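In the two complexes that follow, chain A is the common piece, with chain B as its partner first and chain C second.
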Partner chain A sequence: MSRAMETSRTVTRRPDFTARALVPLGLFFGLALVFPFLPLGTRAEYLLQIAFFTLVAAILALSWDILARSGQVSLAHAAFYGLGAYGFALLGKVMPWFAAMPLAALIAGLVSLILGAVTLRLSGMYFAIATLAFTEVVRTIIQNLPESVAGGANGLLVPALLGGNARAQYFLAFGVLLFTALVSLAIRRSRLHHAFAAIRQGEETARVLGVSVVRYKLAAFFISSFLAALGGVLFAGKTFFINPLETFSLANSIAPLTTSIFGGLYTTLGPMLGATVLRVAEELLHNSVKNGYLVVYGLVLMLTILWLPRGLMGLLRRGKHGGEL
Partner chain B sequence: MELFFQTLLNGLLQSGLYALVASGLALAVGVVGIVNFAHGEFLMIGAFLAWGASAYLGVDPLLSLPLVAVAVFAVGALTYRVSIRHVLLAPELNQMLLTFGLGILLQNLALMLLGGNTRTVTTPYQGSSLSLGDLSVGGPKMIAFGLAVVILAGLYAVLYRTNLGRQMRAVAQNRRGSQLIGIDVDRVYLIAFGVSCGLAAVAGVLVATLLFASPTVGLVFALKAFAIIVMAGLGNLTGVLWASVVLGVSEALVQTYVPGGGGWSDAVFFLLIFATLVFRSFRGAR
Partner chain C sequence: MKKMLLTGVLLALSGAGAVKVGVLLPLSGSGSVSGQAARNGYLLALDEINRAGGVLGKPLDLAFADDGSSPAKAVPEFVKLVTVDKVDFMAGGVSSATSIAISGPAKQYNTFMAWIGAAAVPVEDAFADHKYFFHYHPWSYYNFEAILDYFKYLKRSKGARNIAIAYEDGPFGSAGIDATVAAFKKAGFNVVMSEKFKTGSGNFGPLVSKAKAARPDILYWVGYDTDALPLATEIKQQNLQLGLIYGTPPSWPVGFEKNKLADNIAGLSLWLPSSPQAESRKFVAAYKQKFGNMTEEYFAPLAYVNLKTLAAAINRAGSTDKDKVAAELAKTNTPTPFGPLTFSKSLKTQYQGFKSGNWLHFQFLGDSRVPVYPVKFAQKPMVWNK
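Take a look at the complex of A and B:
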């Protein structure tokens, strides 16, 4: 089990970016791209909506994973996702969506630097608790601001993304996920990958080796939160309405974490696969069970930790090492 | 001035409940070395059991309390056997995520089976109040505080006066050393984890009489318990008591003196966590 979270002991190994390793990723995006054009009959609209939220879940999971690669297991993902949603709700009223979207993400990214700086020297459960606390603080602040500013506890109406065109929204989410995956791959290829792995496996050692821990940890925070906020924008622009209790709920921090671990930590494809499987399972269960479908997340998390520590990706390449994507 | 003392009193009474939840958590952290993110869910189970006993069997929560405690002790011990035991030597991250998963599982199972509504328990002493000079205190609050004090006193007596308690403290200090001198570490872990859950359940029964039972009722108490054990220093059992008082009283002060304090008082414990953690991290401790 101790190898569970440290799948990439071979940090010095050059990541082999063979075409073969990219095939599953290409397949995933290919399928996602043609999905809206499949003849799905009467339920097409509903299925497209599920697919949209699957893409958002994948964005959140993958962005969480990027932060986790630097050894920072955060429970504050809901905060940045929520800041993106709120940022877009407020900015979207005064500027076009293509300006509001990156700006909201940028704000979330900058706020994450504050949290990152404060928690730099915390590790393990202290880090987890501090990030959990941070989410609650953000929620409390937004809830207690005057209603004219952020809608208070009642929530806020959000300008619809792309005029509410479901297919256009889907392709926007597709684009954001593609961007997230490219960022993830770029990190995998760059110095960042080695720096993150070194920090994760032993911060002191990394420091001795000359890795500028502070800079890399903050970079991980910024990238991760920026991407998570884009996910928040997509969500808010799709649902027209957000409120603090749901937006900043613990579930929104848990889902990306569970999804990544289930799919396979520190990989690009893993979180995306995990999101697909879990979202579909959730949707199936959602139809039969009204309340408490998050049960799946709890169960999956427990079972993965106990029996499948390398997640779905571990299953896919059982016995093989390297070539991780 | 009267308002001030009333506020202090309210805070103090509240801290009894907090100390009960937090000392259970501190036991799991200190002895077993597991940060139990599902602690609040054991509290929730206790609250629902008390509600069930009262609604269906007509048993007063205070009477069902010992039974609930024993039942949840068993649930906790079982949980230890089937899950926690297997990750004792795993990285801290795995342990954390496991209990996290357990918490989500239990919470949503309750949501699935019982729905999201809050259930209140009616007791004959519900509306009663006691007056101490100019100050007045609600009956249930007073009872809850009294019980918390008695149970905590019992816990400390066990920890410091009995053989089992000494074993627990020995294991907390050094697992391998305890094994070497013949302590059955696994058994001690089992009991400590069970007791930890039992304490949460007792707190849950009290929460059911003071507030209500609902699937999510445990979360906020668990979070506050985290704040308390972080303030006290992980696994420090005596520190838990004063940290609970600090939290209870500062919450009460915010409620009374900050305009619109109801909403902000819930942020107090997060500020306390944040302040403690940051202070600690800059002082060099981890």
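Take a look at the complex of A and C:
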């Protein structure tokens, strides 16, 4: 078979999933589902807390990855995450959590369309800087709202999700991550996948191929920010408190980016795997290298990215079906 | 061999049933300077407590955990201390955000908390209904009460009338700024300027020009240490005539006191190594002996006082029963490096330790921080430049 034919087959292949390809994903969610019931002894409650924040990190990373698939390397994730957190804190005062949660995410989704529309012509570094500036704008607006509304620079208390029940909160986070993964898989199976990939590889070419770049880029923004905002809701409802400086911090935009790269870009399992491995590694290092664990953590992260440019998924892709997801 | 085995068994037995205190501190991340200072304070107190016979006849045991200055790390670490390490009491706490984040588990496990930091008002809201929450650090509104008291003194003694406010645009500087302006006005001051700046920008030219035109007696600066030197430089360059520059950064730049630009700038601290209280002098001597140097971070003596008073309360209670220990700790009336410590109600919590009267106002004079107010603690007369 000629090289050209091989390439042609790669491009036109449908992103169908074989049952074997779904196995790693199934294992991940199976393990996450039974995790609270594992006989972990006295460490059970502590590990459940770690697992909760790991799920939130995975939601953020996967939602960021969905946007990145359309070639938009965003630094605005903190804004969407923060809008979810603030939306939930404010709406939670006037409606039950199960209504406040999707509504807060919807608001973040709608706001993201503004950013998406403004940055349509930008790409690469210019796009990243614009998204960074957008986060700062949102932070400033929130901070300058009357203190009686959004707590101003002081921040505000957030109603506890599910009465503060750690296990219930965990399963809610599990549900949100499962929903995020299903959205990601649905995109993978739909024409969105082809459109996103085409835009990522060259907007002009995508246009020539008949892809509505504007529509698909905005769709990526909306889906990604909606999911990121759900992550923000979970975090705020768990920690009971948000303030503009920490909620909209650059760290909340950078973490999903590094996690996705570490796990494997443009995949469903990669960002989730990345979040899990990084959180576990951080915790192990934290307990074993008391002083300077962040240095070791940073080195591990750097070396992994250097040696595994396709992230952890690069290891799975060596298998026959592993790379499909 | 037998001897070694016997020693091991005796040590194990002496440790069995020991009272265990969990200490949650920011040993890494943005709050680590305060957290590391607090850790030293705890270690010093632990030495003294165990040398004096320990707690309930056994050596006191401390379990440190690093909250990483992050709520997402603080919650699991707190739960680990309570459920895995099974500590009897919790101490520590510096950041407000991490303290609020653990308020849920603290209530869930009904944890006894002797808390040293977290001064923001939302923390007070979060722990308002917690039965076993003892808060040592003054709440943020007590800080401002102390500042206002000092400025009123300057009004009486120096005729200060006009205040210019320069505040950073983040939560630290901006929080409650409207209330601050209103309080100054209510106290009879003219707020001739209220200008925000971006911390770390280093550009104070326009701000100082504006202040110069407003002719204030006091420049009240609310920002971080990184802005101290650029602001002082700009004031010097523009020759802004002021009675006093008063700053309230969480910490001052290292070596700032040695810089000529720092001369006469005033600030607020709960404690200084030069604090005149006898307990402070004792603390300084003990700290130097153990660590070979001295810290200016007040979280070190605060942590020291925290553990010493908690241990004393447990000993007086004669058990680790939370109600009994709470009753004894509530009765605390002891001299400390900050002045006497007693617990009384704050606006929302039951047990508040230090309040506005414990703050010291100092000036950078002759390469060091010198207490200048309250007058009874002043070691040198205050320099007023007008």
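Heads up, the rule we're going with is that the second predicted complex is superposed on the first by the 286 of 325 C-alpha atoms of A that agree within 3 Å, B and C clash if a C-alpha of one lies under 4 Å from a C-alpha of the other, contacts with A are read in each partner's own complex, and residues count from 1 in each chain.
The definition used in the following text is that contacts are C-beta pairs under 8 Å (C-beta built on N, C-alpha and C of every residue); 3 or more make two chains touch, one makes a residue touch a chain.
Just so you know, these numbers come straight off a predicted model, no measurement behind them.
A.B. asks: Touch test for A:Phe179: chain B only (first), chain C only (second), both, or neither?
C.D. replies: neither
A.B. asks: So in the superposed three-chain picture, is A:Thr258 touching just chain B, just chain C, both, or none of them (first/second/both/neither)?
C.D. replies: First partner only.
A.B. asks: Where does A:Phe98 make contact in the superposed view: on chain B (first), on chain C (second), on both, or on neither?
C.D. replies: Touch partners of A:Phe98: none, neither chain B nor chain C.
A.B. asks: Using the superposition on chain A described above, determine whether A:Leu294 touches chain B (first), chain C (second), both, or neither.
C.D. replies: both
A.B. asks: What's your read, chain B or chain C touching more residues of chain A?
C.D. replies: So, of the two partners, B touches more residues of chain A.
A.B. asks: So in the superposed three-chain picture, is A:Phe53 touching just chain B, just chain C, both, or none of them (first/second/both/neither)?
C.D. replies: Touch partner of A:Phe53: chain C, not chain B.
A.B. asks: Going by the contact rule set out at the top, does A:Gln143 touch chain B (first), chain C (second), both, or neither?
C.D. replies: A:Gln143: touches chain B and chain C.
A.B. asks: Of all the chain A residues, which ones make contact with chain B and with chain C?
C.D. replies: On chain A, the residues that contact chain B in one structure and chain C in the other are 140, 143, 153, 291, 293-294.
A.B. asks: Touching residues of chain A toward chain B in the complex: what are they?
C.D. replies: 1-2, 4-6, 73, 118-126, 128-130, 132-134, 136-137, 140-141, 143-144, 153, 250, 254, 257-258, 261, 289, 291-295, 297-302, 305-306, 309
A.B. asks: What residues of chain B sit close enough to touch chain A in their complex?
C.D. replies: 35, 83, 86-87, 89-94, 96-98, 100-113, 115-116, 215, 219, 223, 226-227, 230, 260, 263-264, 266-267, 270-271, 273-274, 277-278, 281-282, 286
A.B. asks: Spell out the residues on chain A that touch chain C in their complex, using ranges where they run on.
C.D. replies: Those residues of chain A that touch chain C are 42-46, 49-50, 53, 56, 140, 143, 147, 151-157, 160, 164, 166, 235, 238-241, 243-246, 283, 286, 290-291, 293-294.
A.B. asks: Where on chain C does chain A make contact in their complex?
C.D. replies: So the residues of chain C in touch with chain A come to 27-28, 66, 68, 71-73, 75-76, 79-80, 83-84, 86, 96-97, 100-101, 103-105, 107-108, 120-122, 125-126, 169-176, 178.
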